[in-house]
Amino acid sequence: MQSGHAPYKGVRPPLMLLLFLAAAGVLMAADQPLSFSHAAHIEKARMQCTDCHSGAKTRDAAGIPSIRRCMACHQFIATDRPEIGRLVAYWEKQREVPWLRVYGFAKDAAVQFRHAPHARAEIECARCHGDVASMTVAVPTVIHTMGTCVQCHRDNSASDDCLACHY
Amino acid sequence: MPEGSTEAGTGTQRRTPQWGMAIDLDRCTGCEACVVACASENNVPTAGEDQAAKGRTKHWIRIDRYYEGDFPNIRVRHRPVLCQQCDEAPCEPVCPVNATYQNAEGLNVQIYNRCIGTRYCAINCPYTVRFFNWYPPEWAEPLGLQLNPDVSVRPAGVVEKCTFCVQRIKRAKLNATAEGREVGDGEIQPACVQSCPAEAMVFGDLSDPSSRVARLANSRRAQRLLEELGTKPRVFYLERAD
Amino acid sequence: MDRRNFFRVVGTASGGAITGACGRKSEEIIPLLVPEEGITPGVESWHPAVCGECAAGCGILARVMASEREIEVDGERVRQRIATVKKLEGNPNDPTSGGRLCARGHAGLQALYGPDRLRGPMRRAGPRGAGRFEAVSWESAMQEAAEALDSAVAEDAGRVVFLSRPRADLRAANIAKFLSALGAPPACAVGVRDFAAEVQGAERAYGWRGIPAYAIRDATLVLSIGADFLSGWVSPVLYTRQFGHMRRGRPGVRGRLIHAESRFSLTAWNADRWLPVWPGGELALALGLGRALVDLGAGASPTRAVEAARAAFAEVDLDEASAACGMSAGTIREVATELAAASAPVVVAGASIVREHSADAVAAASALNVLLGRVGVAGGVMPPPTVLADLVEARPSSNRWRERLANANLVIIDGANPAYSSPSCREALANAGTVISLSSFVDDTSAYADVVLPDHDPLEREAVALPSASLVESVACSARFVAALHDSRPADSVLADLAASAGKPFEPLDAQGALTRLHATLGAGNGAGSSEGFVESALEQGCWQGRPASGGTTGVIGLGAFEVADSMVPAVFQAYESLQFGTGGGANRPWLQELPDPTSSAMWGLPLEIDPVTASELAIENGDIVRARSDHGSLEAPAYVNPAAIPGVISMAMGQGHSQYGRYASGRGANPMSLLGDMRDRRTGATAMGPVRVHLERLDKGKGLIQFSRQDRDVPPHRV
Amino acid sequence: MKRLRADFGDRHAAVGAVRSVIARGVPPEAIELYSRRPIEPYPSLLRRKSRMSLVAVLSAAVVGGTATTLVYRAQMDYPLVTGGMPINSGWATGVVTFETTMAGAVLGIVAALLWEGRLLRRRKPPAPPVPSGGAVIEVSGLDDTNALREVLLQAGAKSVARAD
Amino acid sequence: MATTGTRGGPVGHAQVCEDLVARMPGSSPRYVGAVAVCGAIVAWALFAWGYQIANGFGSTGLRRPVYWGLYIVNFVFWIGISHAGTLISAILRLTGAEWRRPVTRAAEAITVFCLMIGGLFPIIHISRPWIFYWILPYANERMLWPNFRSPLFWDLTAILTYLTGSVVYLYLPLIPDFAEMAERCTGARRRAYRWLSLGWRGSDRQWQALERAMKLMAIVILAIAVSVHSVVAYDFSMSLTPTWHNTIFPPYFVVGAIFSGIAALVVVMATLRRLMGLQEYLREVHFVNLGKLLLLMSLIWGYFTFSEHLTTWYGNLPMEMDVFQAREHGVYGALFWVMVTCNLAIPLLLLGVSKLRRISTTVVCGIAVLIGMWLERFLIVIPALSTPHLPSIWGGYAPSWIELSITAGTFAAMALLYLVFVKAVPIIAMWEYEGEATPR
């Protein structure tokens, strides 16, 4: 067996900024069916990310909350707002809100991503998702490429085995 | 025998397990339960009659069976053959894009999305346990509901093979880490091992001398397939006694 | 800037993006229904279930995770998040499976998700047997079925025939209740796997009722006469587990296996010695062995049972027996000597291939255990379990089903496919008054049905089943854990509804009820605690496990007279139960179709296995298309020259040759049972699988055989 | 400084003329001989200096060395676990080294040819029209053209003219 | 009309140029027809390739265990033929064989075109060609590099180097001819030729530099050519496949390459001679000389083949004997003996007997050797792959219409490239050819 190589030291990514700027200009806010405001929920209502994305810390997938969870509060709260009216319309049809994913993996990338170990390693949500707390409709402000993942893994002495993600 | 090495950078000096398998041919009956268990666990599609006729089926594990002698002094030698997870794997150095390599835990890894499809690894595997996706995999509705979400469905044009059920290894390790303990011997069972009714297959950490697989691998009956090629496989066969 | 960064700077622009997910605007968005609570994507849960693939009754575990599917709701295409079974494993608590599972068990998933599974009730739209159906509502289907039932019962309830399978489970109990409510005779088990010979043999030799279990795990020498216990037969997982333990589970002891069978089955592969018995010669072999053992002085401590066995064997002429089974007298003596010398021998008596004299053969072979004193002792033969008598009693038997079918005014079919396993009954099916099928698939028999009321898949319903063989008293059970995938209904409630509408209501037994009853019979002394606690714990565990089945030769031995076997005639044909398809039910699972046949390595089709001698006489090679003709019928199939076949013995596995059974099975290959006509075991009436005389004819040189491995030998001929 | 151009109908006569011109003390660098085919046997009397071989060897060494270094660094800095096989092997890299060295040689030869043959020059005096089968001699840097004109005519030039 | 020399060919540079330019094909219906036919076949092959990419590799005849099929056979074949030009021309140039002069350009063009075609096959062969560039060593944010230990990576470097070298080697002697052509043309063609001539003026400096460069290139290209086919052989001999893992393969492949290269050159020359009326330039002596070379290579090839088979047979290693049996007695037995006939028997008979040695027989041998060498590649690749170590997974191979179409397409592509080439440039180096020179 080849014994372990010298661990990767923190490598500063000089290009990350450039990448970010270039990509941020290209990507625009997803045209969500409801203009859900993260800021209103987190900054105003003082909710936690995991109140809705309940699996973010403990499971594989953070999860997009079911309309059931939205209605748990919005049956009573802010029922006069037009967006909530549209939410109720979905609920009455017994349909989920057709949210568009903001972050995800391409199918052919063959990535098996698990939220829980990242949460255990105390990676901030914002590290990958940007400052969602202050956004209205969430926009992809962090560019997810393989380089993003590998860099972070190396910076944090996490496994940089391909098999860590691809299987 | 591969030695355990330490995982770089974790700082905990946790030993890196060296996965391996032992198959007792005296127990194995050739019932092929492992073959279906594998297909079911790993989203291995069936090829269908036409493709099967062309020799394009995919069996990540198969039973090689050979008749010996003639009636009435005839007998059968059979052997489950899966990826042998060689330490000196001939498939690895030939891949021009490094889509296949051996990781620290001794798994012979195939990264599907990196594969450009030269099929060099497949021809260079003396066990011919690497498979090529001739067509995009298809499942007649609603057979696809069965697919294991923990395993990628491989697109057309890439090579795939037995992974020692890496998704189970990963899950067991994540669970163990979440519970703050080490993975126990026998806790990880690839689908073939788990299904084997004769309990002929044992999976575990070869670098832990007290593990069942290490003890079997060190037994006098243990041999490796095509060992003379110098591939140093991690699958140990305990030959039949007679 | 260090080196590594330099490299990165040079080529950053070429990085492929992992995501592209925010650009889904262009895709059509299919709305998602609000899912039921408790379905979380990516989270697995494990639920106990009972395998429905064969009669063994293994307790299994199902891995359940969320999936999405598209359905139509009020004309709108929507996605629905449902709980789906992803994988089956053995249930480690279950004494039968012990956490293990066979190939067919795994493939049970493909029955659940079978693309040809019926989506709802059907009414026949063409002539009987053509398999043309139209979808109808449950209301109209039930009404049609109820009317047919009404008129049949009114006419003559005695002519109502219920064709089922030989399982001792909840379903059997409910069928029995249904039939007794109607006043109709008990259900019939059809197919070639009702173990009538084994049951009768055990009764005659040991005085037991049911299928005995063999504790081969603790034996030092196993002689199997006619029982291919590793690839099918009574309980392949149980016996394979025991086999592994017998071989390498005990330090310093490696059990020996001698297998006597007319073909080189999987058990013969694994045997230390194979005794190639001429088809039908199993009885003669058992008798010869008995005689040789008597000569060796076996059975020295005489009980009444041993005396009876000694008496029966003493009349046998060893040379005659040897001539009838194709084994030399010397070989028979050799094996007998080995048996007598072994510390813990056991004779596994079975009829994997049912013959005209199978009941006799099994009884004679069983009597060897009596002679050896291996009944009810560790490593010997164990009595069948006796708990849950309702289920045991309800287990259908053959029960002269052919005669009754020929005279039926109403036929109800659940879990049986007689049109496949006994093709000669098709005419009776075509002429029966009304045929109601409870099958989930349009198979050979359901094609004759007037109305099909599809049942839930075994994984979608609750179950209580007794294992067909077990060394301990045990029951496998499960509660429902997933919603039905299609518009099906459990047959138990369908039968209850039908009976109710016919004015003969009965209370169907459910898992809860059966387990409560089990708790009651066990009594308070078993430490089972409260009834509720008992039921809950059993359903959670997926099984209940009691003490080892209490044994001892209690019954009076009534071996009776044996009929003498026919003499050996060349070119005989026999069918056998295949490892992958069983007696045919597995043929619509693509996994099993693509599973190489152990003998021939064939996939997507099964060959006629011809011995090398006959093959060379007829210049037949692998893959040639061959026509086999018997007095009862003919078939065409690709040939496989089986190096291990007994010269003059042609075999073919069951599984292919379905006229109807969905896209993967129908119209594929040939049905070996079509050569056999109406052949039966003379004592039990069980469907026999040979031997019949056949005539072979090569039709076509060709590539009719799809094989995984075309090389039979590790050493190709030129290397020798 | 003056230039003189002489047209020759016969290539071999031109070679003789070159020889005569050199004999008159004109340095070979000042002489240009134009022809449509290479004049064989070679007019070695002009003794053009060439560093083509040296350039080729240096270029080969540089390209091959760079490629080898890149391979080595890439393998060592981004190592894969290989399960006991060497990360970097001289044997395996040898092929790459050889091929890239040869590629370097080819590039060096091309570069040297372009330089020494004065190809791809933007500003050039127009090429003299060379008669088929004949040759043209240009002599530059002359103070006095008359003497040389005689020599050239004597050597068989069809015509001699100033070419400034 | 030009003055004719003693052998009927034109004499003098001007006449030679005139004559050769006059023989360059115009836009005659015959020429256009040939281009159209070749173009159609190439288009069909491209369609087949597109079909293969769109529908997956299942549309080919490949299967387990024969994961490599006709594409690799063709790859080796075309790379082999590419040795026609550069190697032969380099050898002849270095040995100063004067008779080479009308032959070299035709040969060098073969090299370039064959390399273009052969180099395409690895891309056709891989199932995800759209990410072919992942094999290139470029820094990327994934921090992934190609595997420098893979023979396929060596292939990449070797073929790129060889292609570069061959293009240079073809181009350098074209420069004076481009200048010559520029003078003979007008308009856009003139500008194009002038641009291609890189400002060639015909000064003695340029001639000397060119001659020196060509000499150096001949040395370098010789080394590259030998290495290229060795590297192609490494693709096989680095693997564990029985009979491939063999040290004889690199020289064996080089010899086979030169062998098939000469054969291809003979066939191409004969075709040009016939179609362009170059009888005065490409004379019997050229064919006879090439024929002698062909005979020599045939003998060397036979020696290698015999050595390879003898050692396999004598070594009697079970795995290798399986391939041996398959190749000589089994399904491929007939092909084997066709190969031996084409590569050994026919050249020995027709070229070994001096009385029979003439243009027609040389061409017959050339065609036979091309067929034989294609079969040789086939018999190296397919039987070995169909009988791997474990007999349980032995299998066969039959190419599908896709592979056959693409194979046919590459031959058409070769013809098409040549058709365009002879229209654009004189196929005989005008400045090198001297009508009255006596071939040595």
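Letters A, B, C, D and E name the chains as they come in the text, with residue numbers starting at 1 for each one.
Please note the rule applied: a contact is a pair of C-beta atoms (placed from the backbone, for glycine too) under 8 Å apart; a residue touches a chain by one contact, two chains touch by 3 or more.
Please read these numbers as outputs of a predicted model, since none were measured by experiment.
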Strictly by count of touching C-beta pairs, the top pair is B-C
Chain of greatest Cα-centre distance to chain A: D
Please identify the chain lying most centrally, where each chain is represented by the average of its Cα atoms. B
Let me check something: if the centre of a chain is the mean of its CA atoms, which chain is farthest from chain C? D
Nearest whole angstrom, what separates the Cα centre of chain A from the Cα centre of chain D? 64
Just curious, how far off is chain E from chain D if you go by their C-alpha centres, in Å? 30
If you average the CA atoms of chain A and of chain E, how far apart do the two points sit, in angstrom? 56
Chain C touches at least 2 other chains through residues 4, 7-9, 12, 15-16, 41-42, 708-709, 711, 713-715
Multi-partner residues in chain B (2 or more other chains touched) are 2, 57, 62, 64-66, 87, 93, 98, 101, 103-104, 114
Going by residue number, chain D touches two or more other chains at 74, 78, 81-84, 92
Listed in rising order, chain C residues that touch chain E in their complex are 6-12, 14-16, 708-711, 713-716, 718-719
Complex contacts: residues of chain A adjacent to chain E: 15, 19, 145-147, 150
For the complex, which residues does chain B have touching chain E? 51, 54-57, 62, 64-66, 81, 90, 93-98, 114-120, 122-124, 126-128, 131-136, 156-158, 226, 229, 231
Can you name the residues of chain D that touch chain B in the complex? 80-85, 92
Hey, which residues of chain C end up touching chain B in the complex? 41-42, 65, 67, 69, 82, 84-90, 97, 99-103, 105-107, 109-110, 112-115, 230-231, 236-237, 240-241, 243-245, 247-249, 254, 264, 266-267, 269-270, 272, 274, 276, 485, 579-580, 590-596, 598, 601, 603-605, 611-612, 643-647, 663, 668, 703, 706, 708-709, 711-715
